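Listed below are the structures to be examined.
The two complexes that follow have chain A in common; it is paired with chain B in the first and with chain C in the second.
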Partner chain A sequence: MTLEPLIDGFRLFFDVSTLLAIAFGTLVGLLIGVLPGLGPLMGIILLLPLAYHMEPVAGMGLLVSIFVAGSCGGAITAIMVRIPGTPLAAATLLDGYPMMKRGLAKEAIGTAVAASALGGIIGGLILIFLAPLLADIAIDFAPPEYFALTLTGLLTIAVVSREATVKGLMTGTLGLVLSTIGYDEFANVSRFAFGIDGLLGGINLVAMVVGIFAISEIIDQIRHGDLSAKPDVSVVRPSFSSAISTMRHWRNLVRSSVIGTGLGALPGIGGGISAFSAYAIAKSASKRPEEFGTGIADGVVATESANNATVGGTLIPTLALGIPGDASSAVLMGALILLGFFPGPGLFEKHQDIVGGIFWAYMAANVMMFFVGILLTPLFVACIKLQKRYLLPLIMVLCVMGVYSLESSVFDLWVMLVFGLVGYALRRFDYPLPPLVIGLVLGPVCEGNFRRSLIISGGHYDIFFSRPIATTIIVVNILLVLWMLIPKSLKQRVFRRLGSAASEA
Partner chain B sequence: MSSELKARLQHSSAVAGFVLICVVIYWQCFTDLAAQDAASGGAQYNAAFVPELLSGFLIALCMLQLVRVWFGNGFRESEDTLPDELDADAPVEDAVTYEDDENFGLVLRAILCVGLIAVFILVLPYLGYYVAMPLLLIAVLVTLGSRNPLTVVALAIGLTLIVGYVFGGLLNVVLPPGFLEIEPW
Partner chain C sequence: MKITACLKAAGLTAVVGLLAVSQGYAQFPERKVQVMYPWAPGTPTYGVSQLIAEGMAKELGQAVPVVAKPGSGGVKAFKAFLNSPADGYTIADGYVAPLVLAPMFGNADWGCDDFIPLYSATSNSFAIATRPNDDRWSDFKSFIGYLKDHPGETRYNGNELTLPHMVAAKVLKQLDIVSRPVPYPDLALGMKDLRNGTLDWLIVNPGMYRANKDHLKILATLSNQKAVQEVYDGAPTPKDVGVDLGISGLTASGWDWWLVHKDTPEDRLDKLRGAMQAALKDKDVRDGIAKAGFVPTNYSPDEYSKVCNSVSDELKSAKDAVEWEKKKVRALSQ
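Showing the complex of A and B:
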């Protein structure tokens, strides 16, 4: 089963348009990662409408390569100007910037790009091996199991929001409420349309997501950013030999990549946390831990390999079970649904070629990222100097035309603008936005499977507790809720005690 | 009004926005969906069941958040209201006023940009993409501080043509031709 998707998908992957889409996505991903304040999520959202017009594997290849390259691009800014281009690169500052200060900027960038690519490939291998196995286990799932599983996905809302659980649950629930707008296939009526034609079929997901994330980001940057800031950086040219020097840290590379993939597969963790965790473990495993933080390649290898491997890890539950772990994978899942394919065991059973094509695209994006990253570093460093007063109008045009191009609908543009204001208001009061998009994407799936289960059982709720797998997942969900209710300080105390016990052992 | 009270009221107004959405959902369930006979019976065929359930849950969360705002630190999380770098000894009210004054120009810029997008959406069907987009870009670039007329016009026209070619020429999207009926690709 493991190799079948790869064999079936190669034909779809090995196509000029797909390869071009991956190369373009890699370039855009690195660029968007380099620019502070943006990140892979913004890149995916901006080019989502473009992917909608492409063949499925080419479209997903474009978005996946932005996810991959966007997770690496932030390292260049972190190393050159001590500002992480994306939150994922925050840990790379610790050794990357001191390396630059010691005159090793090209070595630091070369190591960061090579470690990201190699970490991504290791994450990809685990993805290719594990995702089909997980999908195979879930192959006999029926609506009750899917409902229980989507509940798990929804619980990630609380995990994603970490510091603001109540606010995260509020925006997540708002996403679920908004997802109920439109045609209800079970009752054969249109809900909450207020007589507006554009709402009869529901709100356009892309218009909503572009508004919530991109338009609100533009407003936020205008309101807070120094629009003419221009950091003073000099041109750097790393070499391909950095791959060899990175391989010398193979133990650290493999360990950090496995940590990144493992943590990425858990909902709500993300690249930032996995990079810091891998850094801490690399430091404690090192023979010279005192050198960490002074500008050594080991630190950069640990953080960059881990945060790119996280992308592969995140795709495992997204593709195999239809549970997105963060906002980026939720948007990727939404894109796959828009392209006509629903993530989960059914995708692996009926559309192995699409799954295989995505796997190939993911691996190719990591390889291309290495070459594009090394060759075009001078361009990316120059982009750090790009003033926001020129960048923001470009993003605005992409948002407007991207949303319009979906259905040639002016109404969608209004949706985008309204949700841009909603998104900005939520940001203004520190309401996390990722739960909103997770709620929007998972809402229809959760409600559909809930009501389908009840149709099967004739309206009896015991269907959720009479099937072993559904019951197990629901019990796990309840345990998750209980875990979230335990005060943070108590959890930290338990972890500290476990950590000291482990180190003593 | 003290800054703490102001922050509490602002955060409460955000919560009120959520409650308002829930009220609208309930109102629609009891009127529109009930009139269509789709708001009763078992959950499987009841179109109002899930929205009502979610709205109820959201209202409960809103109440919890209000408790945090008025009886806890739920109002302190906005960095605009109480910035991290705020000197502990400085009078809070002065610091907030200073912040508000400093940001006024930027807020105006942000409002102007949103207004410009709204005007663009309004005129797009009439003026068409190739007239409305450069005008929007010129206005936005000037609003964001670009002063060189040559750069502004070149950027506006260049971006319009490139984006127009990608969507109109490569992706075959029909861009609004407007009263001049411009469809170059």
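Showing the complex of A and C:
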């Protein structure tokens, strides 16, 4: 890409109203991300009417900054109280909360905010310089490739389940089964809704995630008693130097950001799964994989840089093709259309200034998010330092408000409560919870693309093995499964032999 | 004792009476008026509904939020609407799918005449599109010829009993040609697969056309209306190419009427109608609708029953066309 859009767009971006809109959007995004149940999508929708009445770049800057900061805010709650503020932050629980438990809350939040900002910026650079190229690659992904990719995503269940692989696969399968509830667009029938209106559209993912993590945590805390005790949270004042300490993990940071951007560029994949995938790959590539899940910064860097880089990734097909990368970017695309600009190749040719302005706004939102996140963290932590008997009802009220606001649905509140109990039962028997989310998120994408592929091929399974990209991904998946089946001792012996052979050579 | 009891009763009666009087004189609306929207939020369709709602809010002096309740082809939102009281505080954004199609498929037990219209809102007309560089055909006639010569060898986006697919199946049946429908949850994914060669042609709406103008060639609109032709930059209408597609009026488009409960008090109905009429005349609202590629339908409440029921009749034959298509595709696969 030439630098012309950036030069033309700078004039539209460097304007008081645009900068204020970005700052305001960043603040709203962080708050909305921190609150359980509300996520960037809800934040964007809430401020959509305001954006329609603004100048195009200011309006898009407001919405993009909510998207960026909302994708990070959830990590703060995940780290501090083991409740992901948004489904995107579910993977950050894996190492973020154990870090807090180890007395490293300051480091964990600082790392999460810095990794989010840096991951977002890397995703932004890829967006700015490679958008049309990556969009062309993304367009070659047809249903068989999507199906193969979702299998890779499902394999991450085995990695994030740590030592409880079988239990992880069981909860992952439960997620897959639950994802079949709702309307089957292929057969035009409702599946497993049992005549319940609230299940016609399937289980609401946010209600389920809030229930499974937040409500089960509340029940768990109550069961432990001692409600007058303040949570064991030290005063947390992350410093701006966390950006430097995060950059020490540069290899992981860049790799996870590239994974996030790449998966984000594929319409329909989304941030949640990119965070889990980046985590799984970071763990596999680490020299000390056994430390993942015990509270190490590498785990937080992987998940947070990936889910914020995904924001840049989703904007690639949205702006360059007019095909939204996920639900939040679909709303951004709708806003852009209502502001009078149709995304797609034409936008890059005819309205370079608008494209450039949005790029600047995206980058500025990431920078502002870093500063706002670091400055506001002590405030968030002060709320969490309340006695449990005040804190737990407060979290409960926020969960109820967040989930109810999604669709003004009382049924979703029941879903949240039921999954709270399910989550609690799973915890009691040491079943890992993240695989349930992976199963539920990937289930519809996996099933839909499998069935669509077979319709395209007329029922012939060779469609998965006759296309180079799909075949490659499937072969890699098979190799990954085989690798997992090899006993650990054998793997260590192979590595030792390879190491000694290399040193002899 | 008796006097005290009498005084208490009198006091209570006075309070109840005052409350009743104040209720009677209270200006409608006293609080927000919700619009139940049957699809996912944030799309251009949602934005257009928000524009109209904002226009109404200006007139009513109260907020008019558009609440998205996606699920089950719009039935979920309609059920939520029907479960709300008939007090004018809940409006249904009545799209053709939940209003006409859902009862037709046995997924709902209501009909057009179970609701009272405020006004018709907009329409979003479909067209047949292909890749601009596809050399198998050059125009709609040669496209039909190719599909006739190659039955079942081409693919397009078609989701079971959704409106665009039903319209497409009706057109295909009318022309006696067979192409394989591939279901997509989102038109955008179908667009992607047209561009990568998985699909051969596409049923598009104006929003998708405008976003991908350079990668689409409109072979024909599915409506003979001038306004629709303008939305698709002068693409030929079925009439222009001398083809009878067997559909008319609003059948080949997504459309919505804003509806309220049948038992809504008359004064509240008038107030809501007045507000919607004013909103639809508002220049900003009209400009916003045009920007998104939608066409205001401009039907008055009196025309609702006729328009809704005639579309319903035409779509019944479109439903049969989907069955016809299934049999043909199955026969070709054997």
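Heads up, the rule we're going with is that the second predicted complex is superposed on the first by the 274 of 505 C-alpha atoms of A that agree within 3 Å, B and C clash if a C-alpha of one lies under 4 Å from a C-alpha of the other, contacts with A are read in each partner's own complex, and residues count from 1 in each chain.
The criterion applied here is as follows: contacts are C-beta pairs under 8 Å (C-beta built on N, C-alpha and C of every residue); 3 or more make two chains touch, one makes a residue touch a chain.
Since this is a predicted model, take the numbers as computed values, not measurements.
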Once the shared chain is lined up, is A:139 touching chain B (first), chain C (second), both, or neither of them?
-> second
Touched partner set for A:459, first chain B, second chain C, both or neither | both
What is the contact status of A:201 with respect to chain B (first) and chain C (second): first, second, both, or neither?
-> second
Using the superposition on chain A described above, determine whether A:170 touches chain B (first), chain C (second), both, or neither.
-> first
Could you tell me if A:397 is touching chain B, chain C, both of them or neither one (first, second, both, neither)?
-> first
Could you say whether A:408 touches chain B, chain C, both of them, or neither, answering first, second, both or neither?
-> both
First, second, both or neither for A:180, with chain B first and chain C second | first
Name the contact category of A:450: first (chain B only), second (chain C only), both, or neither.
-> first
Contacts on chain A seen with chain B and repeated with chain C across the two complexes = 186-188, 408, 452, 455, 459
Sort out for me which residues of chain A touch chain B in the complex.
-> 50, 53, 164, 166-167, 169-170, 173-174, 176-177, 180, 184, 186-189, 191-192, 194, 215, 218-219, 222-224, 227-228, 388-390, 392-394, 396-398, 400-401, 404-405, 408, 410, 413-414, 417, 420-421, 425-426, 428-431, 447, 450-452, 454-455, 459
Chain B residues touching chain A in their complex are 10-11, 14, 17-18, 21-22, 24-25, 28, 32-33, 36, 38, 42-48, 50-51, 54-55, 57-58, 61-62, 64-65, 68, 74, 77-80, 103, 106-107, 109-110, 113-114, 117-118, 120-121, 124-125, 129, 133, 136-137, 140-141, 144-146, 155, 159-160, 163, 166-167, 171-176
Once bound in the complex, which stretches of chain C touch chain A?
-> 34, 40-44, 46-48, 50-51, 54, 67-73, 75-76, 79-80, 105, 107, 155, 159-162, 180, 182-186, 188-189, 191-193, 195-196, 198, 207-208, 210-215, 288, 291-293, 333
Along chain A, where are the residues that touch chain C in the complex?
-> 41, 44-45, 48-49, 52, 138-143, 182-183, 185-188, 190, 197-198, 200-202, 267-268, 317, 321-324, 327-328, 330-335, 337-340, 342-346, 407-409, 448, 452, 455-456, 458-459
